[in-house]
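There are two complexes below, and they share subunit A, which is joined by subunit B in the first and by subunit C in the second.
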Partner chain A sequence: MLSVKEIDVCYGKAQALFNVSIHVKKEEAVLLLGRNGVGKSTLLKSIIGFLPPVKGSIFFNGKQISGKKVYRIANGGIAYVPQEREIFPDLTVEDNLAVAEHKTQNGIWNIERIYQFFNPLAKMKKRLGGNLSGGEQQMLSIGRALMTNPKLLLLDEPTEGLAPLIVRMLEEQINKLKKSGIGILLAEQNLQSAFKIGDRAYLMEKGSICYEGSTEDLMKNKDILNRYLGIR
Partner chain B sequence: MRFDKKIGMLLIITAAFLAPLVLGSYSILVLSEIFVTALFALSLNFVLGYGGMLQFHQAVFLGVSAYAYALFVLHNGSLIVGAILGPIIAVLFGTVMGVFLVRLSGIYFGMLTLALGQLVWAVVFRWYSFTGGGNGIPSIPLPGFLSTSTERYEATLIIFLVSAFLLYKIINSPFGLLLRATGENDTRAESIGANTKTIRLAGLILSSFFAGISGISYVIYSQSVSPDILYWKKSAEILVICLVGGIYTFSGPIIGSVVIVLITTIASQYTEHIAFILGIILLVSVLFMPEGIVGSIKKRIGDRIAADKKYK
Partner chain C sequence: MDLSTVVSYLLIGISRGMFYFVLAAGLTLILGVLKIINFAHGSLYMLGAFFMYTLIGIMGKGTGAFFLSAAAAAIAVGFISLAIEQLFLKHLYGKEHLMQMLLTYSLVLIFGDSIEMIWGTGYHTVAMPKLLTGSYSFLGAYIAKFYLLFLISGLLTVILLWLYLYKTKLGKIARAVATNRSMVDALGINADATFMYAFIIGGILAGLGGAIASPAVNITSQMGDSIIIKVFLVVTVGGLGNIWGSLIAALIFGISESFGVLIFPRFELVVPFVIAAIALILRPRGILSK
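And now, the complex of A and B:
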């Protein structure tokens, strides 16, 4: 469904990604793992179009999307949930969702379904986005992304800084999303969380991919985990 | 609570319609000025407060619309066609400027609005043979049904009410929601599939249209035009009105207009230094009510409701 082919990405003159290739198949959850600053977020931003690659190309469902405008890529079926969540603070919860509404042919997501999916949001429809807790904001941010009825969801550290109870709830819901047929590309530092969700994983180091394999294999490979993630 | 609000508004509107029965002609003129100013302020706040665009020179659109009407009528054009032509010319200017403006953001956007706006002002000011230059155009003919001061007053009131209603509807439409989202965070709006440039351009065009309507309202009120109405000072004045009233609320610019027009009208009887007084008002409001009059009141009420809930 998504295939990133040998891309280089730069912030101005500083190169952040080197010859990165990854792919995500339909109904698959893929992990992007690695320490802080290895390029996980950069890769996601490049896929959604904020940082077009200077070399290489990105294909989505067979069509080239690298170089296209962000809103075209988004309308093509990719939704991005940024690390900062970035909900609209002065819009109500309901408006935050309504603004992203895309009525696609096979679209299953609408406001009512989001409220069922993230139950706590249903109780605060009229509250301003800026007045929500971190966990609620994260639900809203994912909910808003789902409102575009995406085929692929890019998630950037969704559980960062949240209470364990909320983290568990988010893990469950993201797993449900996977089962509903949405492709997921998840950048994560919280391995416990990531391993519960991912089918396959890429490990990143200094802007390149240094390991690729199934989540099961990676979990057993203590050497790799130790070398790139510092886990014994 | 909501019910009370509706009745309150209905009472105010009825009182406004009946005002000429009790008030003198001078007071009526001041009220007319408030309606013209309030509509003009609403048109600015549509892009400023909701669209998040630093439009520093909104007066251009009021000005070109008023001039379009005046010049068309002066060259023996029909009065009604002139009144329709005004907003159309404003939209034309808004579209051409908008095409360049939406490529920029933040302070650069603001600087370009000033530059383009002053360009228009300079043309109007210097083109003596066509626009009358610094003298402007005095005693512009109006249609027969606007011959008395009461009729002109009611006209500015009706134009204000209808336009405010339309703006309110637009802001609460799906397009309005997209405009607000773009204003709050345009990269985020883009990543949920919104073409933010087109949305901002549409916002600028709609805003110039309503500013154009306020230009026609201005001619009805003053029956004359001068280059002052599209000078940057006029734009700064309306910006202050929006800020003092509160740019994050719909009624903020209206309340701002009432307060500022009344204060400047009263103050102008004692001093010529109106800008000085505006400056003090802005300073006080920025320091003590950074969200404007309406914004601060709403916050107070919100806090009180929250506090009540806490102790129940």
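And now, the complex of A and C:
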């Protein structure tokens, strides 16, 4: 479904990604793992179009998307949940969801469905986005992305800074999304969470991919986990 | 000073405030959504008045013709705003603010000279329609009927803007764009289209302001210069980009202008500016800023 081929990405003159290639198949959950600052968020931003690659290409469902405008890439079926959540603070929960509504032929997501999926949001429809807790904002951010009825969901550290109870709830819900057929590309530092979700994993180091394999294999590979993630 | 005088000056102040709001709402909407300081807002106001002058000349002096001309003038300015946005502004989104300011300032010069070429350098007037001549009595105070036009236009602007911003998807997107444009893009929404609508609405409001002011002012190629300073002040005191802040600031400005004439007749021009300065000292980022 998604194929990133040998891309280089720069912030101005500073190169952040070097010859990165990854792919995500339909209905697959893929992990992007690595320490802080290795380029996980940059890769997601490049896929959604905020940082177009200076070299290489990105394809989605066979069509080249690199170089296209962000809204066109998003319209093609990719939804992005940023690390900072980026809820519209002056809009109510309901309006945050309403602005994102994007009806597609086979789209199953609408506001009522989001409220069923993230139950706590149903009780705060009229609350302003800026007045929500971190966990509530994260639910809203994912809910808002789902309102576009995506085929692929880019999640940037969704569990960061959240209470364990909320993290567990998000893990369950993201797994449900995976089962519903949405492809997931998840950048995460919380390995416990990530391993519960991912089918395959890419490890990143200094802007490059340094390991690729199934989550199962990675969990057993103590040497790699130690070398790139500092886990003994 | 008796009650009827106070009521009379208060009503005049509120009406003038509502007039300032019609202009300030458009300017602050453009500022909030597009993040562009539109110096040409005064020119669009001026164009509204000149269109009104020409349209009244064609349609006649009846009350119906007056309102029809005002609507047509506002819409015509809306079309000019569309052309400005599509031909020029569109290419400057995301560029340096200086470029955008230079463009809108150059439009001020272009419109100023174009108006002199088309309508001449003299002043023109629009006759007050019959319905708006004379005065109403309210709590013993006499208010010129004409002020009702400002009041109603202002109230209509409040209601329509509220409906647009809070009840339509387009308006909600405009509010979202005002806080986080890139996230709006990431949701598959073409924010450029939102910019276009906001600029057109801002232009229509400026044109409407010029049209309704036309019977009360001399229509000249400089009429935009003096008003734009007041409107910028209203927008700043209200909080840049904050429409409801502009409403409060416009009312404060209008009322202080009105009572300035009554209480400090020798300093009437200064009073609203002093009040605005005090408001900015107390709330440097504007009345409704966060």
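Criterion: the second predicted complex is superposed on the first by the 232 of 232 C-alpha atoms of A that agree within 3 Å, B and C clash if a C-alpha of one lies under 4 Å from a C-alpha of the other, contacts with A are read in each partner's own complex, and residues count from 1 in each chain.
Following the convention adopted for this analysis, a residue touches a chain if its C-beta (ideal position, glycine included) is under 8 Å from a C-beta of that chain, and two chains touch if they have at least 3 such contacts.
Note that the structure is a prediction, hence the values are computed from the model and not measured.
A.B. asks: Looking at the overlay on subunit A, is there a clash between subunit B and subunit C, or do the two fit?
C.D. replies: Clash.
A.B. asks: On the A-aligned overlay, A:140 touches which partner chain: subunit B = first, subunit C = second, or both, or neither?
C.D. replies: neither
A.B. asks: Scan A:4 for contacts with subunit B and subunit C and give back first, second, both or neither.
C.D. replies: neither
A.B. asks: Identify the partner contact of A:22: answer first if only subunit B is touched, second if only subunit C is, both if each is, neither if none is.
C.D. replies: After superposition on chain A, A:22 lies in contact with neither partner.
A.B. asks: Would you sort A:155 into first (subunit B), second (subunit C), both or neither based on which partner it touches?
C.D. replies: neither
A.B. asks: Need the overlap of the two footprints on subunit A, from subunit B and from subunit C, as residue ranges.
C.D. replies: 48, 50, 69-71, 74-75, 79-80, 82, 86, 88-91, 95, 98-102, 144-145, 147-148
A.B. asks: Quick one: which bits of subunit A touch subunit B in the complex? Just the residue numbers, please.
C.D. replies: Against subunit B, the touching part of subunit A is residues 48, 50, 69-71, 74-75, 79-80, 82, 86, 88-91, 95, 98-102, 144-145, 147-148.
A.B. asks: In the complex, go through subunit B and note every residue touching subunit A.
C.D. replies: Touch residues, subunit B against subunit A: 174, 177-178, 180-181, 184-185, 187-196, 248.
A.B. asks: Mind pulling up the subunit C residues that touch subunit A in the complex?
C.D. replies: Residue list for subunit C touching subunit A: 169, 172-173, 175-176, 178-180, 182-191.
A.B. asks: Which bits of subunit A are touching subunit C when the two form their complex?
C.D. replies: 48-50, 69-71, 74-75, 79-80, 82, 86, 88-91, 95-96, 98-102, 144-145, 147-148
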